[in-house]
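So, here's a batch of structures to check.
Shared between the two complexes below is subunit A, which has subunit B as its partner in the first and subunit C in the second.
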Partner chain A sequence: MSQPILEVHDLSLSFSRKKVLDRLEFSLRRGEWAVIAGRNGVGKSTLLRCLAGVLLPDAGAVARSPEACPAKTGFISDRLSLFEDLTIGQAVAFHRRVFAIDDFDDRLLGRLGVKQKERIRSLSAGERAILHLSLVLSQKPSLLLVDEVLHMLDPYIRDLFIEALIEAMTAQETAVLTVNHTFSEIERLPERVLVMEEGRFVVDETPEALRGMMKKVVCRGPLPNGLPCFFSKGEGEYKEYFIYPFSEDLRAAHALDFQDIALPEIIKAFIGGGYEQKRMA
Partner chain B sequence: MNLTIDAKSPLPAYQQVIQAIKLEILSGGLRDGDPLPSIRDLAKLLKLNPNTVAKAYYALAADGFSENRSGSGSIVRVPPGRRDHLRQAMLEGEFRNFLEKAVSLGFSLEDITQLIARAKK
Partner chain C sequence: MNRKEWREVGGQCLYFVLALAAMALLLKGVDLLMGVMGFVQSKPLEGEKLIIILGAWLLMFSMFLGLSPFAMDSKQKGMEYLLTLPYSRRRLLIIKFMPRLAAIVLFYLAFVLLYGSMGNGALAGGFTIFSLAYFALFFISFSLAVVDENFIVQSIWAGIALCGYTVICLYIVFLGFSWKFGMPSSWFGSNLWQDLSYDPPTLLSAIAVFLLIAAPFLASFFLAFKKFDLKPSRAFNRRHLRIFAPLLLLALAGSLGVTYLVQKSSAYDEADFHILGDQRLLKISFAGKLTLYEETGRQRIKITGLISWEPLLLEQKERLFLSGFDSKDETRFIGCLSLADLSWRILHRCPNRYVVIPGYQGFRYDGESFVYLRRSRAEAERPGLDNDPVVRTEDMELVRVDPAGGKERTIAFKNPLFNRYYEPNFIGSDVLNGLRFWLVAHKWHHVLRLWEDGRVEDLGLSKGIPAYAGGLLFTRGDNSLKVLRLLASGSETVKEISGDFKVNVFFNRSLAIGNVREIYVERNKRIVRIDLATLAVDDVAPDRGHIWMTSSGEFYYVEFETWPGGANDKWKKLYRLQDSKRVFLKQFDFNDDGYGHIFVDTCGVILRQVKMKNSTVSRTRTRAFAFPDLHELRFTGLN
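Moving on, here comes the complex of A and B:
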């Protein structure tokens, strides 16, 4: 494995009295795809803004390798903020001056039927996302930070968006860090899944490892003692119990059906468990 | 080519890619000398991480199913003789699974012979 292109140590940030990032540790390698999940307001977007350099932390440092310098880092925020009054052509010219890019690939916009002279104000959320993506991809980025934007795109645009990210990964080994809470469509893409809780990562695993670590048990009445239940759901007679951390010897010790669950459901359980812990606190 | 990835399968995606391509080769859909789809194309098609596809291609080459040609992708490398041998091995493996299941359901070899005779009609 190659050297990290991005390393974060001891990152902390507070908004007035609320601690948003809490001594967070993280690193990302070249060509790696990692996804950050977690409940709303847990610090995911704030972290991405810190990594993009648009927000300065109170403490700690973001260390980038030269290849992940700001000109080679593309950031797509969930606000999709662009200059509303510019036409697409003007936005491209501006981006070209700032980042000294050679060529702008307008094929994706073309496929949506968007013209260069249209004003950004008049674009739909999906068209904006594709414009934003096309702009940052023209930087030939070695690092792409993409906040939760996929959920607001229609399925066709979502496909275009994901395919463009895959293209960038094969073309220049771009590392991709995305924030997603619903990710059934991209669940086979990340090599690392990070779950954030109260300003730090509580999970950092490969999808395969994570699938091995959480199982679901559906049973009547309470769960037998000695099982690590991270989260449970259901008001009726039958309840779903999410067992985490699961290990294979639990299978031998309990005559229960430990079901394999797919990644989106695992993430849902982590998020639900996060709310439960918050309630108890 | 009939390639799909089952998101719910406990099998890692790269192993699903390996299996799907092996099956394609054994069934004759991909022949000796045929190019495999490029890593980029397959990753886009299946919505997979290109590193996952690359890992599968690397394993296929290591198993002697394909050859990586620098710059021009991978091609299938399975001479017909070897293919027949692998097909036979696969059939036997599947048949053994079937037998085990049948026996665990309480059927005898005779029942199975009868079943095959009936299927022939």
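Moving on, here comes the complex of A and C:
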């Protein structure tokens, strides 16, 4: 197993009195794709900004390997922050100068048909996302941090985006850490799924492991005792119960139909469970 | 990144220059339009006014540039992108700082050039304060560039910080004055700053203070910026303040220390000395001190008020009449000190609603009364930032104050010529056919005779301050001296003497110089005697010094070792001028006590020696010599 390219120890950050990151710990290896999920306001984007250097933690440390220095770290925020008064050509020239980039691959931009003289403020969200991706990929980054941008993109651009990420991972063994709410396009891509709750990770598993750890039961009436129900939904006669953590012993003990569920639904259950816990707290 | 910043700063500078040009064109356009429409007479924008407008504009520009380093990035929603660039926080700040500092310096140099060419007197002694405030405002504003996201809030904070900064700096500077002169700092106001801004120690210590107090703003910002991020600004501001406060205290201590050391080492006692008839010595220190010296000791005379003294007005029997300005109620006054019991009383106060001619030229003695000219302050103009108001109206009052009881009498005059006389000087007074008159002149203008009955007579032009003695008026023309005899109405020219004359010896506070029969003046760089009976002109000697006339009408001549005097001079010689002869009286040797200044008075001569070290006054020494034999008077505690 390769050495971690990024290690986070005891990371804490607060906004005023509100604790957003609470002694968070995790690490990321070279070439690994991890996705962070969780409900709104739980600290996902804050974590990414912290790792990118936009926010500075109140406590804890972010240790990077030399290959993940700031010049080799790319960050695409959900705000797609760039200097909006610049034209595409100026932005590319600026980025190349600052990051000492010899050549710039404009294939992605070319496929969108945008002109070099267009100002960034006049681009759509999708075009801006592709531009931003082109810029950070030109750095040949060892670490790529991508906040939730996929939902802004049309299906064509979304595919372009994902293809570019995959190409970077393949060619440069770029470690990718993304924040996602939707998993339908990328279900098979990430190697790790991290679910965030109350400023720390409550789940850190591979997708396969997660599918084995959560099952769904549809019942009429209440759930039998002894089953660890993480989350339930449904208002009608039948209710869906999400069992977590699931083990094969439970299947033997209860004559119920434990259904396999897809990753997107697992994530949704974790998020829903998080909201329920917040309501009950 | 550097190129981007330089381009951005260049754009901001261009914007300011264009805005300034547009404003100037607009002002000019409005001015012309008003002129065309006949509302006002179109006048060219004076250089000094332009400099003041430019100065104000520059201060705004300084603040704007200081507050702007992250404004464009924020406006373009590029702050996150900026913070992910491969620069440390410190390097980022330097990249932001350097182009802006360069622009500030460039604009300042351009302003200095303009100031030198067109507005030299516009800011008076305030040019130093303006320069310091200009740079300080930039540093302070830069340090507040991230205090809030809102530019208006930033500006308000910058304004508040600048006010606090200025107050602290000026307080320390005024403390320095008090250490320099040994007086409470509450005495000193902006007038003093204007005078002392040319004093090297004051200037140096003031610059040090302004820079030292500005340093914590910038230093703390650079130190705090290491932890700058996009969290709400309150967190960063708290951290910034925690670093700023101790640095400010350190800077305060440093400023006070520097000021104390510099000003104390150049302590200076600006004073006038007068030998009195009883051979005591009166020392009038400008910042409120009166001291009487005797052989056995000295006595400090306590006078209430914040008084700036003028030279002695009159010594009469056992009384001394002094005039001055009381900063407490901003009035000018004449007071009387009894030499018998050292009691003090105010004889007359000129109400603040009037403007009296400034300086020792204001109150004079005409042989019977104290006199002065005054005008209504409400009609004063204030060109530039000169604190002395200028009044140019047709009305003027002459006030006579009786030395015995202080009774006053006012004579009102009205004449169109007065509106050219904003600083009329008394040059003489006399009585003709039982009626008193006073002669009033202003450089390059007509001599006016003000009669006791309210009449005003124009006695003709004088190119230079004229003189009056023995019933004769001496006015200056082009390379000549005109002698006029004053008649009951008008005058007659008695003689015109060719030559380049200087008659600037008649400036005693008393206009009554007695029955003189001769006067001594400079012609073509030589001392000449003019007999007042025959108007014969006799050559006396080359003029390599100063001619003095005492209030009793005696003439003396102080000869310099080198003319016009050098720092290495070792002596000056005193002569009596009488009957066309120059009679040697005494040589005053300076030894190593510093360059000597001679002051000749009715009762004797004062020698004041000033020793300089590194352009500052390191020591002063005063010696007094009494007439008629110029024996030295010894006073305990004088030096």
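Everything below uses one rule, namely that the second predicted complex is superposed on the first by the 281 of 281 C-alpha atoms of A that agree within 3 Å, B and C clash if a C-alpha of one lies under 4 Å from a C-alpha of the other, contacts with A are read in each partner's own complex, and residues count from 1 in each chain.
Criterion: contacts are C-beta pairs under 8 Å (C-beta built on N, C-alpha and C of every residue); 3 or more make two chains touch, one makes a residue touch a chain.
Only a predicted model underlies this, so the values are computations on that prediction, with no experimental measurement involved.
Judged by the touch definition given at the top, the superposed model places A:35 against neither subunit B nor subunit C. When the two structures are aligned on the shared chain, A:179 is found in touch with neither subunit B nor subunit C.
Residue contacts after overlaying the shared chain place A:15 against subunit C, while subunit B stays out of touching range. Once the two complexes are laid over each other on the shared chain, residue contacts for A:70 go to subunit C alone; subunit B is not touched.
In the superposition on chain A, contact of A:214 is made with neither subunit B nor subunit C.
Note: no residue of subunit A belongs to the subunit B contact set and to the subunit C contact set alike, using the contact criterion stated above.
Note for the complex: subunit A touches subunit C at residues 15-16, 49, 52-56, 69-71, 73, 75, 77, 79, 81-86, 94, 97-99, 121.
Put simply, subunit C touches subunit A in their complex at residues 1, 3-4, 72-73, 76-81, 83-86, 227-232, 234. Within the complex formed with subunit A, the subunit B residues making contact are 5, 7-8, 10, 12-13, 39-40, 43-44, 46-52.
Chain contact summary for the complex, subunit A toward subunit B: residues 31-33, 162-163, 166-167, 169-171, 184-191, 207-208, 211, 260, 262-263.
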